[in-house]
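Handing you a structure now.
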Amino acid sequence: MIEDILKRYTEPTVTTVCSHSSLQIFDGARKEGFKTLGIALKKPPKFYDAFPRAKPDEFMILDDYLEIEAQKDELLRQDAIVIPHGSFVEYMGADRFRELQVPTFGNRRVLEWESDRNKERTWLEGAGLVLPAELDLDEVDRAVIVKYHGAKGGASFFIARNREEIEARVDKTQEFTIQEFVLGTRYYIHYFYSPIKEDGYALSKGTLEVLGIDRRVESNIDEIYRLGSINELARVGIDPSFVVTGNLPLVLRESLLPKVFEMGEQVVEESLRLFGGVIGPFCLETICTPDLEFVVFEISARIVAGTNLFISGSPYADFIEPGLSTGRRIAKEIRAASELGRLAEVIT
Amino acid sequence: MIEDILKRYTEPTVTTVCSHSSLQIFDGARKEGFKTLGIALKKPPKFYDAFPRAKPDEFMILDDYLEIEAQKDELLRQDAIVIPHGSFVEYMGADRFRELQVPTFGNRRVLEWESDRNKERTWLEGAGLVLPAELDLDEVDRAVIVKYHGAKGGASFFIARNREEIEARVDKTQEFTIQEFVLGTRYYIHYFYSPIKEDGYALSKGTLEVLGIDRRVESNIDEIYRLGSINELARVGIDPSFVVTGNLPLVLRESLLPKVFEMGEQVVEESLRLFGGVIGPFCLETICTPDLEFVVFEISARIVAGTNLFISGSPYADFIEPGLSTGRRIAKEIRAASELGRLAEVIT
Amino acid sequence: MIEDILKRYTEPTVTTVCSHSSLQIFDGARKEGFKTLGIALKKPPKFYDAFPRAKPDEFMILDDYLEIEAQKDELLRQDAIVIPHGSFVEYMGADRFRELQVPTFGNRRVLEWESDRNKERTWLEGAGLVLPAELDLDEVDRAVIVKYHGAKGGASFFIARNREEIEARVDKTQEFTIQEFVLGTRYYIHYFYSPIKEDGYALSKGTLEVLGIDRRVESNIDEIYRLGSINELARVGIDPSFVVTGNLPLVLRESLLPKVFEMGEQVVEESLRLFGGVIGPFCLETICTPDLEFVVFEISARIVAGTNLFISGSPYADFIEPGLSTGRRIAKEIRAASELGRLAEVIT
């Protein structure tokens, strides 16, 4: 179906919702010679006027993101290829996004494996990654993080050091998971899997790249130490929160790169077995322990906002090609697939 | 007066004091084809020899920064346009700087609105920004930060969690303000307002840009957690301090950019109403709360040192033009104003 | 001896062990037109396939790094110049490395001054730097850091606040040093000393550059505050550790640059007096206190991993030359020395 649509396309228009990582998606698409279309609510967002290299050629203005479905024909008329990002999926709803009959970069089947915590765990454990232990309430014998289900963006977590603290604080009307709290330093690793590129770090099919690494900045946990320890503050009624407000750039010890690539490789190979592959950008959200082991607490199966740090390259992308952002890498993948007549392998 | 001087200028010499952000100011001026002049004490600072692209063409050597006034004629002879930065204003004194009869980039009237905490509050609240609540001693019912007046650079603050702690620690011989302590993550946003640029994010007059974001690194508060909580340490006589030693780069969630631009827009519009406008670079020093609201705790109405991170671009400037530092942006503004015969609109 | 070998070289091959900072060493060498050779164990590390600009032209595959000595003739046949980095020296052993009869960038005599804590202190104090006080157990009257001897990479430290805490925790079967714990913010400053470059920041012989600054990210100490204060955690048996997992980029206040260069200058001048000079890259690991003084807690006398942040320039290197990494700077030094017929001054 999408394959048939793609056959009718002449020159794709790179399309996304005006948020999250859209600036680099439009900038990267422009650099690779694509037309660009930004989907926004009510009126064109004025801030693009300040960023001429990242302003889409045209806007599609809606009253509600749910209207995207209704705009299907217009999107097809413009040869739109939709680039999903976290806000896109969140605004539209995962179910609706999955059904959208417009060509979409990446493999939408990844959504079911990513949005369901059990399936995500199946995937990542199947890939041989180390995940934080999940504990039942009566097994809690160490520091844990209690996560409410369905919450995204880090808003609904709390840290507890024993069963009593959980009992005292948890909202039992919501579903929650108790995860081991892993002490270490966080690295969010930006991968890119291409099923069509031949030269590079070879997988059973295609190649794997690392384009950058960031650390999320979470409010208020990341600066709460300025007022006191989280335990002292809990006693005066001030609780930590984990809302992502931004990102800062990092590099990892080079001696850890073999592990970093092995993790990415295993995640892709397992995804190929399970659902045809996590195509394009994905991110492993890791904690690097004092033993230099990575514990992976989540996967994001599309472009992450941390890539916004690296518009004109990163300490990793610079070894691949000058000026390579993840947004531009996506545009290059579409261009290459188009030239090879293999668009259907990267667009679903 | 300054306008008359400007009419006699043929080719401006970009001039500043050799500190703070002078490397990028000279580098940017050189890239835009300007001669450069560095003002220094005693002898030319040797460290410029290590940075050939940022070394001024000439030095003016003084025994004391107060001599700048006396050098007025020499500065005018060289067609000097002074770029003020935080150290420049601090070394010379705000009053003297205001009276200096040498063309200066930006609007010097901003000084009176920025250096007086009450006027600063009038300006920012008039712009609709959210500021930390100011409390009287007997109103203190939450964590607060106690700031001594006139202190710059972050040296004279302390954090207290209730009235008793303030009473125990405050030096009542100094004037001080008690401000609500806002928990969140800090973002220092680098804006640039041009009254003459037409294309871009349009204001009632001119356009607004965002060139970068940093977080200040404060000694010792930012690493005090390595020894214990600030409350534990207070008990053994170790106090936190807030002295800025450097900066690190950050990006904000893209979905917050509309707010970021609105804040900047309102600040400029209010400044146009109050005193003719905050021209050129300015910085809003914000805390992004877990509700994704910005609380603004200060404005710097000129180039800030955090821009030193972004000599060859930033994750924001890269969407405007390759290799754009704030120093270079200033040079471009002078060049453009000069070519349009509108120097008097950006230089006072 | 090495001098004689160098005379027989026609076109050097830049050679290093495939770890630590090898990506930028190979990338920089390639940019300066050198052939490159990567030494690895068992098989060529696959991750280089993902970074085509940093992949060495050839690999030398060993079963053990101790075999490097045995490969001497093959290395000489390839006109190899070895670039030592921390992992290289660690894997091979400092003694063996010192005796390796293959031309090596830098002055290997630095090893004896760096690996022995007493000699290191002699060097740095002789250079006039401020080091943390070293205390005997019965002198401990403030917060201290207890360091086991010979430990590298930060694994073997702990923090204590008084003598009792040390007594309770120290492993007396190991040798250890008790150092004053200095509160402040850490800056790792990347210097480069060239004995042959004439134009620039001049020393008694040659010139000094600053190429970048980073902060090490240490697991778990850097994120331990997310769970509680280190003292609270010690009570439940969770100890801080100081294992370096990566690095993040920083800049220092520009007004501190004169001090930064003076420190570097004094370190080089003292090294010239003591052992013929610390040639090429070195790093001062500093804490900037609230009084804006630098306390230096260690020197690394070769390329440090923090330079991995700055592959295409840094906020300091950008003022020297576009796209200058430390790896590339090393390659430029070899190229310049080669053209001047002065290789023996930078290679030992």
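For reference, chains read A, B and C in written order, and residue numbers begin at 1 within each chain.
One rule holds in what follows: a contact is a pair of C-beta atoms (placed from the backbone, for glycine too) under 8 Å apart; a residue touches a chain by one contact, two chains touch by 3 or more.
The model shown is predicted, which means the values in this text are computed figures rather than measured ones.
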item: Interface residue identity across copies subunit B, subunit C - same or different by half; value: different
item: Superposition rotation for subunit A onto subunit B, Cα-based, multiple of 5°; value: 120
item: For subunit B paired with subunit C, centre-to-centre distance based on mean C-alpha positions, whole Å; value: 35
item: Multi-partner residues of subunit B (each touching 2 or more other chains); value: 224-225, 229, 232, 248-249
item: Subunit C residues within the subunit A interface of the complex; value: 19-23, 27, 45-47, 49-54, 87, 155, 217-220, 222-229, 232, 236, 238, 241, 243-249, 305, 308-312
item: In the complex, subunit C residues that touch subunit B; value: 143, 159, 161, 181, 183-187, 199-202, 207-210, 213, 215, 221, 224-225, 229-232, 240, 248-258, 260-261, 288-292, 313, 315-316, 318-322
